[in-house]
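In what comes next, chain A is part of two complexes: it sits with chain B in the first one and with chain C in the second one.
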Partner chain A sequence: MAPAAKIDLSCALIQIENVSKTFKTPAGDFPALKDINLCFGQAEYASIMGKSGSGKSTLINMITGIDHPSSGTVRVADHDVHHMNESQLADWRGRNLGIVFQFFQLLPMLSVLENTMLPMDFCNQYAPAERENRARLLLDMVGLGAEANKLPAALSGGQQQLAAIARALANDPPLLVADEPTGNLDSRSSTRILDLFDELVSQNKTVIIVTHDSSLAERASRRVLISDGMLIDETMADALPMLGHPQLLRLSQLAVNRSYEPGAILARHDNGKTGLFVITQGQVEALRIFRSGESEVCERLGPGTYFSELELEQDERSVLAFRAVSDVPVEAQWVSHEAFYHFLGESNAAENALRKAATERFGHIHRQVQPRKSFWWRR
Partner chain B sequence: MRPRWKKIFSDLWGNKLRSFLVVASITIGLFAVGMITSMHSILTEDMRTSYSAINPANITISTDNFDDDLLDRVRKVDGVAEADGIRLFSTQVQTDAGEWVLAEITAFRDSNEIVINQPTPTQGQGPVSERQFGVDEYKFGYLGKEIGDNLLLELPSGKQREMPLVSLVHDQTIGASQEGGGYFLSPVQLYTTLDSLPWLEQSESMNRLLVTVDGDSNDPEYIKQISELVIEEVEDSGLTVYTSFVRGSEDHPNSTYIEAIASVLFVLGMLVMFLSAFLITNTLSGLLGQQVNQIGIMKTIGARRGQIVGIYLLLIFAFSMIAFLIAVPLASRIAYGLLEVLAGQVNVVLTGFRVVPLAVFLMFGIALVVPQLAGIYPILHGTRVSVVEALSGISSEQATSREGLVDRWLKSLRGVSRPMLISLRNTFRRKGRLALTLITLTLGGAIFIATFNVQGSLNSYIGRIGKYFLADVNVTLDSYERISEIEAEIKAVPGVKDVEGWAFARGELVMPDGSTGEAVSLLAPPAGSQLVVPMVEEGRWIEPGDQNVITLNERFHEIFPDMQPGDTITFDILGDEHDFQVAGFFQMAGRSSGYLAYTSYEYLSDLIGQPNEANAFRITASRPEISLQEQKALGQEIKRQLEASGYSVTQVEAGQSLTETTTDGLNILTGFLIIMASLIAIVGSIGLTGTLSMNVLERTREIGIMRSIGANNRTLRNLVMVEGLLIGIISWFLGTLLAFPISILLSNAINYALFGATVAFTFTIHGIFIWLVVVLILSVLASVLPARNSARLTIREVLAYE
Partner chain C sequence: MMMTQNLITTPNKLPVAGQAQPDRPLIRLRQVTKNYRTAAGDFPALRGIDLDLYPGELVGVLGKSGAGKTTLVNLISGVDHLTSGEIWVGDTAVHQLNENQAAQWRSRNLGVVYQSFQLMPTLSLLDNVLLPMDFTGLYRGKSSARHALEILRQMELEEHAGKLPSNISGGQQQRVAIARALANDPPVIVADEPTGRLDSITAETIFEIFEGLVHQGRTIIMVTHDASFARRFTRLVWLADGQVVDEPQFQID
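Take a look at the complex of A and B:
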């Protein structure tokens, strides 16, 4: 596996360092999280996305302290979450964290007003005389002011989730975590919830939502992908949206970090063995170099874009090359030629997607070319 | 109201069945303790109060005929508060059915001014006048008469006279001048005036001296001292003291029996409370199990474990207080209701319904403590659940649990239908909960079966006591007659096989320091009598040829704990002291009987100056094991024969009457045992209902899925019913096994309380089968509601369950 990308753990709010989680089941040990390194900053709106069973809920449980890692550390707002005992954790959670669940998890026998007041009651936040007012304000904010005295069962799913959000905000926590908050809702209610999250972010709260829905994930300003208990490189994910999570994870594992001085050629067709580049810093220009020696810039690529040797097909008149241009070194995640073709050999779908993308991007430059001959490791 | 208190209130009110089960679990334990405490407190208090209110005699002396002069002299003795005299004699009276039964008549000097041993009129004209009878309530029913009817009685001459029954009274002193079960064995009690006696061919003089003491009238030693002085005065007057008896002013004649009942009820009440604690634990475990998700939610919004524990302890407190408020009036009312039945049976006058502060205090204390203690483990266990387990609904134990022995056995079963297998699996799914339910039901069943075994044991013991009274008919004559003559007369009656003449004497124990001790009844069968089969516990029985040899009942060990066979004991009989050598000790009816001794006929009859004579005869029928009715009929024939020959018969009694009377007395106790057993059965059924309800609730999703693949209402109901029946049957089996040691313990406790002795264990099979029927019925009833609930769930509800 490629070494983990360097993570800046000086992020202000949440730091997850080398966290692994293994569940013991009758069928044996199941590693749900494998050496996760991640951080989130203040006022960040992030989504954690992955398929069912990818480990996203487990990851979020590490942040909220609902579950404990088998190894590694989690620090939230300068607190080592898993070194607190359960009582300390509960108290800390009540004050610093608002959790929104997929199935709302409101106490069924209390009205939504009472549900909203309950965290203040437990954590002794706000004077008793203030609590009801504050709860009403929160319910007004989420649009449930008129339903304050109703029991959860009397509300629709969307309304219950709004009530759950009001409850999560009861003690004015800096961090809001939502696990599949719209999983049980219709689209209209989902939109309402997501608009509310936007509003909370604008109020300087950090919002992390866990979802399997890519359209929901895209509402966030940052997308964290998780697959099979491991994080997918975010830049890789941004650059290669046409690939599935397992393929992205595979590439993340295969990639190594490389640095290039301005003006350096990262790849050209006649270099051979180019592989795949995902630019993380700096600017790279795609050059068309004619046989006459002249060249022209076809395209400029910045962070979050990629190119591979599939784009380096040549025509009779020119070759394509990629050159670092900016006045700062170019940083890129690089997958070697051998690894890249091994990767392509493992997945026809990935190869087809990349080839298709290559054709769409640079097809106007090249004639349609025949696919390369298979190497021995291709399926 | 703060939201957390609102949660408590909502938890209480929201799930009414569950709340009912919790409250019922606590109420039943409180009720048992409250009922028993109330009964004991009211009974002992009213017993003392009502008995002392009638100014009972502290000293009762049986002596020769005396008049007012003796009373004047006795009144002047230091320490004597009051003195009065009555005449006491026995005769035969005829019931409405034509049967002649023994009656004891008390004649007062002036029925309008009864100073000591005052009977309380309850119906009729009140104090009786000359040639009128009052009758005590207890055996009034034997006569088959109404107040106002005439009662025919037989005079010493054989003449018969009628006197009207004008008054029904309640005499609390019946049995007071006898030890043990004098009340239960007493004949019909009649009351009249001294001036009626000549008409009844009796001397118009007194033969019983009744004395009350001043000073501490409840101090036995003090009363004894005064008694000695009074006896001295009587003897100085030239009269013979036949018997003397002392009793405290608050010492009700049946106090021993009542204490025995109370101690038995106490043990059973504690057992019910103990079971109730198990039940509370089980029910609270279920409640907490249903709250796991909410506990997880509360932990995610800032609740510390201590806060959550506090919420549930407060919830339990709320349940406890509701149970307390229900149990107090319920226990008080039912206790008094039962007492109203019991009081009449044990000759106690109740002073009125009231709530007993001690009972309330105890119930409150138990309500505060026991449910909290019973609930603390489920609460601590339930609140310990991690948030992830609470919200996911999967416990780490479940996730990592391996198949146990039971699970593998279930898997190996063949030839059992799938739905049945599901029931079997469900029964053993929650082994902890199953264990708690089984403990409750098993203990309950064991105690239930044990009560029947105890009843059998009691009856068996009574049967053994009956071996001291093996005659079919017992005849007492008015005077001593030659045995040979009476034997000949009686044998002339068809159906008579054998006749034995027995000697009988009343005496008093002479203590080592020379003071007078307890009154003793001496019985003397002829040598080689087959009409006594004694339970000799030490030494030997009397044998042919024994002279001044005596065997004593077990009560003598209370006075002489170190006495052994071979020791000497002295009795005052008819004013003379006589030494006897102790041959052995026999087991009789313990503290339920008086001080009894058996000696040889030849020796005693000589001693009392009646050699070859007797006034008590024991007759056996030629046909073995005749019924009580046949015994009575034979007795009447014998009576007619003797009276026709000019003999005056005081009493004729069927041999089985004694055991019948004793059994009747103990029926009160067994009635209470059955009440407690029923309470225990209720505890068990509450536990089972709770368990089945919780099992159904936890399997809501499973039930919905079964519905979606074709399970109809009947199938779902049957699943639950089978589960309930299975638990019931398992508990029955285990309860039957556990019933053996519990029966022995309970039987010994009761027999020791009543008789001061343990008895051999008696096993009765019908208790086992009655419990089987009861537990099957309870299992079905306990399953009905949960089964109905399971069938009512729709798939939509299940899918929306989350």
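Take a look at the complex of A and C:
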């Protein structure tokens, strides 16, 4: 999967800057979010994924204004979410935000139609005479036109969630946030909900889903991983799917940004211990340099791929080198040899996974006589 | 509790505390059947239910998953329509109401509470309780806010009235849902697995609240699959395969 393009902060729909959140508990302070920096653009389809207790729900509550950060700022649709009073916040939320929850949260005494009209009544964005019509259009769109007059309890769980989505769209907000939207649904209903999210993104809506389910997260075009209240580097996560969240988080913290001119060598076997590179921008050529001095390009590596000294040190016939292509500069996240060595020492599981991947790559290099166009280097 | 002072008496309103006639059944089901159409043919969810429920009863509807518990209470609350038979609540033939009549009747006579609370996440607790009042017009303006606060006080949630649901615990959210169900002072409350997402200690507080409400003369019909709650009810209705059955032989204890 291609990683998300760098987002221009000035046009981002959501900007989260230096956000920390600490909960006071009887057992002492619990840091739920630690200095989060993150943005989302218009029409982006993103998932926020993490284990229970990772901070994902706290993070989403910062965006919706349901909870307040201990420090830092959150801007959504040009408003500082946490510098509004309750009534400003309610008004802003009504216009800019649709929220969908795991358990639907439809008002039980109101029909599906009335539930869908409710946010319009609160927000006054649509004239009273338009509201029923608009609600019926939205219900038609989610496939519930025939159920409009029923009460939520008369619908299946999947239908209730579709109704909740119709309600979330009542005031035509640019942003839809869904917290475990399929957590309580069978797989057929889940697919229907996710198809609907695709449709909304194609209509220029930004959709952010929060989930602990990786198969659900895969549907989004961008995956944000959170572990222990901190963000995992997204490119790192894409490049190294064999690693667990805590390991990815550790590597994210160890990595530094590096830039290379076109044609520059990033690493070569006889250049000692080179650490780990994850390419974030540009193209890198993997080169075999033979003892004769000839060289051939084995593969081109793009953003979201990696290489490490584990591959380098295993190539015995020739020198393997990595070079920025001649026409564009390269940006990479680099973990130094010392840091990488230390990281492998900390986690047997990570070392085994990376060595296994390295062996599989190395085997290809040996068998390969002619340069190939295949994507053996990609996962 | 001072709930009864807020009693609104309207012609189609059922009697509550003080006016209850405990000898006369409040809710009567006669040969009630309900079939669901499925791809595999008609599925009989209820097969001829006869039932009399009296004012002030705390009724437990028990049985396994699929026994017809939710279908039964959805018919009593007019959420779903029966296939044949009759359902009377007071002098109202619930099975003959059309959608509009059912909505109006429900809003005055019935409070509902569900497993997942179903509160509006972006509205304060107070606004959540106010919503049904806004829709029925039984209370207006300042008197509605006063009334909502009073019910929240009875649920020991007054100090949280301005908070959003996500900032309180699950047990507190369910108490808000009960407060909302009480907003229009209904004589009947239907609760479908209201303790399903709560721990046992929190579930206990919900039962205590329900006991207080039936003490006022309200009738509560609660669905649960948890047979260990059986002793908490004043009346048990066991369902199996869509029929009322005797208490199962396996003793829970």
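One rule holds for everything that comes next: the second predicted complex is superposed on the first by the 352 of 379 C-alpha atoms of A that agree within 3 Å, B and C clash if a C-alpha of one lies under 4 Å from a C-alpha of the other, contacts with A are read in each partner's own complex, and residues count from 1 in each chain.
We adopt the following convention: contacts are C-beta pairs under 8 Å (C-beta built on N, C-alpha and C of every residue); 3 or more make two chains touch, one makes a residue touch a chain.
None of the values given here were measured: they were computed from a predicted structure.
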Touching partner for A:R95 - first (chain B), second (chain C), both, neither: first
Chain B versus chain C as contact partner of A:C123, first or second or both or neither: first
Partner chain(s) touched by A:R188 [first = chain B, second = chain C, both, neither]: neither
First, second, both or neither for A:I66, with chain B first and chain C second: both
Touching partner for A:L107 - first (chain B), second (chain C), both, neither: both
Partner chain(s) touched by A:N149 [first = chain B, second = chain C, both, neither]: second
Touching partner for A:N171 - first (chain B), second (chain C), both, neither: first
Partner chain in contact with A:R291 - chain B first, chain C second, else both or neither: neither
Broader residue contact with chain A after superposition on the shared chain, chain B or chain C: B
Overlap of the chain B and chain C footprints on chain A, listed as residue numbers: 61, 64, 66-67, 86, 90, 93-94, 99, 101, 103, 105-110, 114, 118
Residue ranges of chain C touching chain A (in the complex, touch as defined): 70, 74, 77, 79-80, 99, 103, 106-107, 112, 114, 116-124, 131-132, 135, 162, 164, 166-167, 192
Of all residues in chain A, those that touch chain B in their complex: 23-26, 61, 64-67, 86-87, 90-91, 93-95, 99, 101, 103, 105-110, 114-115, 117-119, 121-123, 128, 167-168, 170-171
Of all residues in chain A, those that touch chain C in their complex: 61, 64, 66-67, 86, 90, 93-94, 99, 101, 103-111, 114, 118, 149, 151-154
Chain A-touching residues of chain B, taken from the complex the two chains share: 2-4, 6-7, 10-11, 14, 293-294, 296-307, 386-388, 391, 399-402, 802
